[in-house]
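Here's the structure, in structure tokens; my notes come after.
Every chain is named by a letter (A, B, C, D, E, F, G and H) in the order it is written, and numbering of its residues begins at 1.
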Amino acid sequence: MTTKDSSSPLDATDRAIVRMIQKNGRRPNTEIGRALDLTETTIRKRIARLIEEGLVNIVAVPTPRAVGMATSAIIGVSVQLGNLDMVSKKLSSYSEVRYLGLSTGRYDIIIEAFFNDTEHLFAFVSDKLGALPEVSSVETSIILRVDKFSYEWELP
Amino acid sequence: MTTKDSSSPLDATDRAIVRMIQKNGRRPNTEIGRALDLTETTIRKRIARLIEEGLVNIVAVPTPRAVGMATSAIIGVSVQLGNLDMVSKKLSSYSEVRYLGLSTGRYDIIIEAFFNDTEHLFAFVSDKLGALPEVSSVETSIILRVDKFSYEWELP
Amino acid sequence: MTTKDSSSPLDATDRAIVRMIQKNGRRPNTEIGRALDLTETTIRKRIARLIEEGLVNIVAVPTPRAVGMATSAIIGVSVQLGNLDMVSKKLSSYSEVRYLGLSTGRYDIIIEAFFNDTEHLFAFVSDKLGALPEVSSVETSIILRVDKFSYEWELP
Amino acid sequence: MTTKDSSSPLDATDRAIVRMIQKNGRRPNTEIGRALDLTETTIRKRIARLIEEGLVNIVAVPTPRAVGMATSAIIGVSVQLGNLDMVSKKLSSYSEVRYLGLSTGRYDIIIEAFFNDTEHLFAFVSDKLGALPEVSSVETSIILRVDKFSYEWELP
Amino acid sequence: MTTKDSSSPLDATDRAIVRMIQKNGRRPNTEIGRALDLTETTIRKRIARLIEEGLVNIVAVPTPRAVGMATSAIIGVSVQLGNLDMVSKKLSSYSEVRYLGLSTGRYDIIIEAFFNDTEHLFAFVSDKLGALPEVSSVETSIILRVDKFSYEWELP
Amino acid sequence: MTTKDSSSPLDATDRAIVRMIQKNGRRPNTEIGRALDLTETTIRKRIARLIEEGLVNIVAVPTPRAVGMATSAIIGVSVQLGNLDMVSKKLSSYSEVRYLGLSTGRYDIIIEAFFNDTEHLFAFVSDKLGALPEVSSVETSIILRVDKFSYEWELP
Amino acid sequence: MTTKDSSSPLDATDRAIVRMIQKNGRRPNTEIGRALDLTETTIRKRIARLIEEGLVNIVAVPTPRAVGMATSAIIGVSVQLGNLDMVSKKLSSYSEVRYLGLSTGRYDIIIEAFFNDTEHLFAFVSDKLGALPEVSSVETSIILRVDKFSYEWELP
Amino acid sequence: MTTKDSSSPLDATDRAIVRMIQKNGRRPNTEIGRALDLTETTIRKRIARLIEEGLVNIVAVPTPRAVGMATSAIIGVSVQLGNLDMVSKKLSSYSEVRYLGLSTGRYDIIIEAFFNDTEHLFAFVSDKLGALPEVSSVETSIILRVDKFSYEWELP
């Protein structure tokens, strides 16, 4: 149904580099170069190109503990269909929302959001979602435990 | 309901540093030091401590395009309750699964997973989920468009 | 509950002819005549009558691949009941919709529709269904694989 | 999400030919040739190639009235996931089933089926679906009226 | 939870009489009297009192076949709660509705209704239910076969 | 979809007679005869034939109050499909069940049942339905008020 | 539907006494006696009788804060019907469960339970509910805020 | 996810006192003092402090039988999200409502309410809930039997 493009835009060297910075994004270029038998300049240029072409992001991600976010939830949102774009834009602007996907199936929009505590979650549903009359209903699932949260894609 | 811990374990200097590497994880320590009027050593030590204490991850994240993953889905999974831990461990081991949360509400487990195409998705449901008799049913929502996917937490 | 009309409006000769053109709609009349020991004129007249009386359609059906339609979906639509006829007429006018049935049960209308890709599907839901305020909600099931799509009825 | 292949495998002449046989599959090659200013041989070869390459089917489709099928239904089927392929193959073998799709969302399999009457429908659910212990539940929507059933794709 | 009133308002003679007319409502008083060793006057008076006090109805019930009603359905109706009484009164006035109950659970109102055919059912949903904006949704279950329809209560 | 048989098997005289006994099933033949200008014998023979041919039942129906049944419920039953006939037969044998229909849609079987009180209802669900492992789940709607319960069909 | 017993087993004096101890269960008998112009002995005897006859409980209720219970949830439980009594008895024995009702509608059993935190809730679902194979599924609603929790019945 | 505060604000003596008044709230201070080898004054002061600090309520709770409430129900309420606070306040003001929690999951608000009988329940839904246009739907579960209703918390 979808055209399967098995050819990745990363060549073998790109992949080797990415594998070395997947877990430690600050590994020095010289160290990577030594490991792969390449010059520091090659490493630096390759990484710059990967970022420029939107193939890799190298980012510092504070953990929920660092920002004092104790409660996460997956929220299924039903929307008056003519307002899908508008509601998505609005919800995406809230700092609690880390992920927003437009979805098939039971819900029109699925978001992942983080909260300080359940009071914060209630205020979000009541005041932020409640302020959008185009949202016809929401169904909140509180996440009791996260068993996988991976930044590491398996490279093909 | 939850004890709200408003005191973040990051002090003002930590936050200033993290803000500078949230979007560009490879910004050199010297550059950060200059901007914040601190020595390179201070920056290096602070970042090392933040990572060590599990407050910040600095990671290279290949984009779905880089790994040829074209289709993502949120899958709600219902499980025979006595096998929650076992099923969670098994599902977490699959490379297609990027996120797995144990959940209240309609589903027992919610996963986010990425696939090459819809054939791959079908094979995952039929062969990988289908191999677990402890999974009583699944409900797959295909994500048509991702409007927010944020690594950037707003620091308090 | 329904009066069972076991008498088909096709006689034995009609059925023999239809069976010969079910898979190859362009089989020449002379060839059919030879096979059934009938004149070309009889075959031609019989086929003309079957079409005229709405008992058989002989049609060229481009396959989804030919028209570049890669994604199909079954969409359950809930409608404000007083507008069922209007909404059905409107939805039937969309070229993406191949099938529309008014239904008992969970949905008021069930459609089958074809799309170039998931972006096209989203635009359909958001812009075409979203433009109809009489549609109160939709639930989209993406078809991962079609295992049967039959033009061949078993003749009684 | 899916690679959009806007280039159709049909060229302009193919499309012109297909348009002429979409509603009347038995239109003579000579008539089509005259209308498009092409020889009968060109038309014949083109149509043969379109069929051979699986781009177009030319078929005689008896209408439900012709085969005495008075009742149609869309049936959502939930299946023990490890048996999806087996159940799909079995259901596809039943003559009542005209369409079978493997699906995301609320159901695992969606079928369209035709019946002589509601007794026939009950026997199908009770005896044919009921004979498959791998089917965990079904939800039948009877189609009260079909407002669109199209063999005619809009060619790009 | 409910006060169980095991004392029936029918005495032993009442019960004996009712049992004799449960299946044949036109059994003559004299015949009943002979069987129970009572006078015709006693039987006549007892039956008159049972009817007067609303304990027994003696009625001629045409079967669905007699009135040409071929299709029955149970319809769950969701209503804007402030209009429950009004909607119930309106629905009760329709001749297709044989039974209407106000209900706890998934639906607000449950009706049983009879139709000539599925066209009639569709017209009922579309035109009669559709004319009531206070009805927010309906879910129709077509009855494929009635296995019990009893006028005979077991007397305590 | 269903063959509409608009010709009722009752002629004009039959209908006139039935209308006179719909509410009072014991109206004497002589009284009906006088009203319709027919002999007592004609009335008697007509009524006998209507009963014999299964077109009309004339029955005494004790009201729920008479039999001390205070609580009624509509129960949707989900069944392992291969056991539909067996479960239906079993449920029909219970004296609490007044109506049982095999159904399309959300449930496989829908029953109407009467109980002395909510304890009785619980015992029915727990002990009678609970004794059938082929019943996979039930959903009980308690009827708070019956607004229509009609024995009177409108004759065509 | 239920026999309405408007006659309360409390007389006017009983009610006056109960009203005085509804909020403060330790108000001295002498103080109540003075207020109602009755002897201390009368008050003491009346209260003793109310407790003995199961009309009033006078209890010390530690608040959730006192026992360190931070999270409450309403959990709908679906059970294999033949095991309703057994499962109810088992669930009632768990100290987390404060309330258990056998229910009509979507769930078979509804419980209210209190937990130290979400980890405790997960352990309860996974280990205690998960140990009962007769529980076919549960749906947990976390209570974000309790707006009413009343020990005070309005006396008639 | 929630900070687990295992340190209860009650010390060992508090707990010993509370355990002695959990079932009998009127046990005299002198009796408690004797049992715990403490003065009457200590007991009195301790209990006063526990009440003052909101750690324990000592209350007289009339049983449902005492107030003639025969029917209880758990009602799930769906609300237009912007009006959650207003609807909660309104519902909490009704004397039938004993418990109201703001909830995640299928419903926005869950209430427990008591009624004289099912007529009373219907009037509550129709007139009180029906008077609030901000309530979009309700789902009522009647409680057939209460198997646990505990005032006794297990002290840590």
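Just so we're on the same page, a contact is a pair of C-beta atoms (placed from the backbone, for glycine too) under 8 Å apart; a residue touches a chain by one contact, two chains touch by 3 or more.
For clarity, every value in this text was computed on a predicted model and none was experimentally measured.
Trainee: Identify the chains adjacent to both subunit E and subunit G in the sense defined at the top.
Mentor: Per touch definition, common to subunit E and subunit G: F, H.
Trainee: Under the over-half criterion for shared residue numbers, do copies subunit C and subunit F use the same patch or different patches to meet?
Mentor: Interface between subunit C and subunit F is built from largely the same residues.
Trainee: Cα centroid separation between subunit C and subunit E, in whole Å?
Mentor: Subunit C and subunit E have C-alpha centres separated by 42 Å.
Trainee: As a quick test, compute the distance in whole Å between the mean CA positions of subunit B and subunit C.
Mentor: 45
Trainee: Using the touch rule from the top of the page, what residues of subunit B touch 2 or more other chains?
Mentor: Touching at least two other chains: 1-3, 5, 70-72, 102, 104-106, 117-119, 121-122, 139-145.
Trainee: How do the chains pair up in terms of touching? List each pair.
Mentor: A-B, A-C, A-D, A-G, A-H, B-C, B-D, B-G, B-H, C-D, C-E, C-F, D-E, D-F, E-F, E-G, E-H, F-G, F-H, G-H
Trainee: For the complex, which residues does subunit A have touching subunit G?
Mentor: Within the complex, subunit A contacts subunit G at residues 71, 118-119, 121-122, 142, 144-145.
Trainee: Would you pull the subunit B residues touching subunit D in the complex into a rising list?
Mentor: 70-73, 117-118, 121-122, 125-126, 129-131, 133, 135, 137-145
Trainee: Considering the complex alone, what residue numbers of subunit H touch subunit G?
Mentor: 1-10, 18, 21-26, 47, 50, 54-72, 74, 88-89, 91-92, 95, 97-107, 110-112, 114, 116-120, 139-156
Trainee: So in the complex, the part of subunit C that touches subunit E is made up of which residues?
Mentor: It comes out as residues 1-3, 78, 80-85, 102, 104-106, 136.
Trainee: Show which residues of subunit C lie in contact with subunit F when the two form their complex.
Mentor: Subunit C reaches subunit F through residues 1-5, 104-106.
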